[in-house]
Amino acid sequence: MLVLFTDFGLQGPYLGQVHAVLQQHTPGVPVINLFSDLPPFDIQAAAYLLPACAQGLPPGTVFVCVVDPGVGGARPGVVLRADGRWYVGPNEGLFAPLTRRARNIECWVLPPPGEEVSPSFHGRDVFAPVAARIARNGRFEGEGIMVSELDRPDWPDELHRVVYIDRFGNAVTGLRKAAVDPGTVFNVNGHQLRNARTFSDVEKGQAFWHENSSGLVEFAVNLGRADTVLGLQVGSEFSD
Amino acid sequence: MLVLFTDFGLQGPYLGQVHAVLQQHTPGVPVINLFSDLPPFDIQAAAYLLPACAQGLPPGTVFVCVVDPGVGGARPGVVLRADGRWYVGPNEGLFAPLTRRARNIECWVLPPPGEEVSPSFHGRDVFAPVAARIARNGRFEGEGIMVSELDRPDWPDELHRVVYIDRFGNAVTGLRKAAVDPGTVFNVNGHQLRNARTFSDVEKGQAFWHENSSGLVEFAVNLGRADTVLGLQVGSEFSD
Amino acid sequence: MLVLFTDFGLQGPYLGQVHAVLQQHTPGVPVINLFSDLPPFDIQAAAYLLPACAQGLPPGTVFVCVVDPGVGGARPGVVLRADGRWYVGPNEGLFAPLTRRARNIECWVLPPPGEEVSPSFHGRDVFAPVAARIARNGRFEGEGIMVSELDRPDWPDELHRVVYIDRFGNAVTGLRKAAVDPGTVFNVNGHQLRNARTFSDVEKGQAFWHENSSGLVEFAVNLGRADTVLGLQVGSEFSD
């Protein structure tokens, strides 16, 4: 299975062009748009979402991951094999939390792209063909690099920051539920939020935090929009 | 063929995660996003759209239907076989119009989900695996229930309410064209709308009603937006 | 490979219904949403995007192209075979630039649709079944027409007009990079824009023009939104 994890948006030709490349290189392998509207250019938000979104997917899955504000610049592309799943994308921090949490990991650097490659679309012209080759062959051969070269030592293990607002106004954070005591009360823009199992366990209109379906702490309001009620957007910080 | 009919939105990881589950359970079976932006939490709107959208699809198609304001609550999941097509989803009224219009129908209730299931994502963890199993086996075995348990006796056969606004501003209603006399004049926020076959049959800017491509009465404006011209949104009511 | 190039939007049931038809007619042939949010009703914008988006796709690809303000009207549907790729859609100018640039081309007209066809959804009921048949058979038999009947002689070879604004605010034009001298300075709403290879080659916040990943001239701002900075929307004109 090939999986796209990008900030391309669903609009325009970008996702479709990547699908077309993958289809030509590995006919018959299913391609899934796992996340297409990651916050634009926000590498850190995507980095903390990636391990959470990846965990349910089977070994052998190949991810094409692109959030790339430095598009066309000198940052190298990398390939990771972490806990049996493969990841291909630019090395600007996107894989940092993943490397810290993996039990088994191996990393390679991609050679600099040639002249025929569009400098503004490495996702289509560089990363997708590499991912297709891995999906076809089940392996990658290239120049290995140290896992530490993918880390961002200045980033915390758990991120107290909103990394995504979904269609319903729920605010996903970069903090894993498993790292938090269930009795924790979060201070979110002056609101004190307590844990509940899920929406239907609180009153209509009440704000709470819960473990979302990807294992992350999420701020929510039963039958309401947490982003509006709590004044949140991607990047908003909070404390416990 | 598996078909997704949801209010998840195309944003975020939700649709992709359901695709990934289906792909793992029934590799090779195509999965189609039939409707992904149903009005959020509006069970009634979705319920009257469902039979209209389903009618062109072949026998054996399996629908995963999720519009679920009571997410994580006690409402049971159900499985229907209606006129040869299968439907899986929460029983909160979503299947009521479908049950009234089907010529052949059979219904089952799903057992309560186990502890391992995310309370906020039954679409991925409960309904998708069941749908995949039906797509694979062509049958379902479980505890049968009366069709009447899926009905909402307080809902009319034809709904005089806007159930969807499309990209072009056309206002889809819950009223079937087949149930309406072609000479009907609808009173829509003070505008008197007459029938026309299609857009190009009226003047530019003129409002009219027509049978849309799913057999429903739709309010439209040639080369204009009916929602703006007529002041309509999902939920707006009208009379004939 | 089947490719959808439309202004349907990703919202609503339209794309999914076309997928369902294609799936029934040609099971196993992949279907790619190449462009789903073309500017609504803007035939000219779509017409200049089409050859740029098509160029990377392999021979044998079949495009379903629909931008159709005259929906249900008398304009005939056509089929083209241009440089080994197939195109099906309404003949209102959408294929004009394509016909001028193709090295090999053949055109046919479709018979008028029957009574059973929804007048508001020829994409699903007319063009998709024809495209599926071509994908299955690798050929089309019908009434040939002159290529000149698809042209719009009043349209220029290169269009000095914005034809799309992408998620990041980049403004795509109908002008091919190959037709422009690299030293060209574009006058865009009073801003003088010079060429750069890509985003990372200019200062943060600086506006420039570059060859986008489809070979078109695009106005962009490094780590900013060109549409906002330059006051651009679809249809905006400029000069060199």
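As written, the chains take the letters A, B and C, and residue 1 is the first residue of each chain.
The rule is short, and it goes like this: a residue touches a chain if its C-beta (ideal position, glycine included) is under 8 Å from a C-beta of that chain, and two chains touch if they have at least 3 such contacts.
Quick caveat, the model's predicted, so the values are computed rather than measured.
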**Message:** Going by the touch rule set out above, what shape does the chain contact graph take here: line, ring, star, complete or other?
**Reply:** complete
**Prompt:** How would the chain A/chain C interface be labelled, same or different, where same requires over half of its residue numbers to be shared?
**Reply:** different
**Item:** For chain A placed onto chain B, the superposition rotation in degrees, Cα atoms, nearest 5
**Value:** 120
**Request:** Take the average of all CA coordinates in chain A, do the same for chain C, and state the distance between these two points in whole angstrom.
**Result:** 31
**Complete:** Multi-partner residues in chain A (2 or more other chains touched) are 10
**Prompt:** Across the complex, what residues on chain B touch chain C?
**Reply:** 1, 3, 10, 30, 32-37, 49, 53, 56-58, 164, 166-168, 197-201, 210-214, 223
**Request:** Could you please specify the touching residues of chain A with respect to chain C in the complex?
**Result:** 8-17, 19-21, 23-24, 27, 40-41, 69-74, 118-121, 124-125
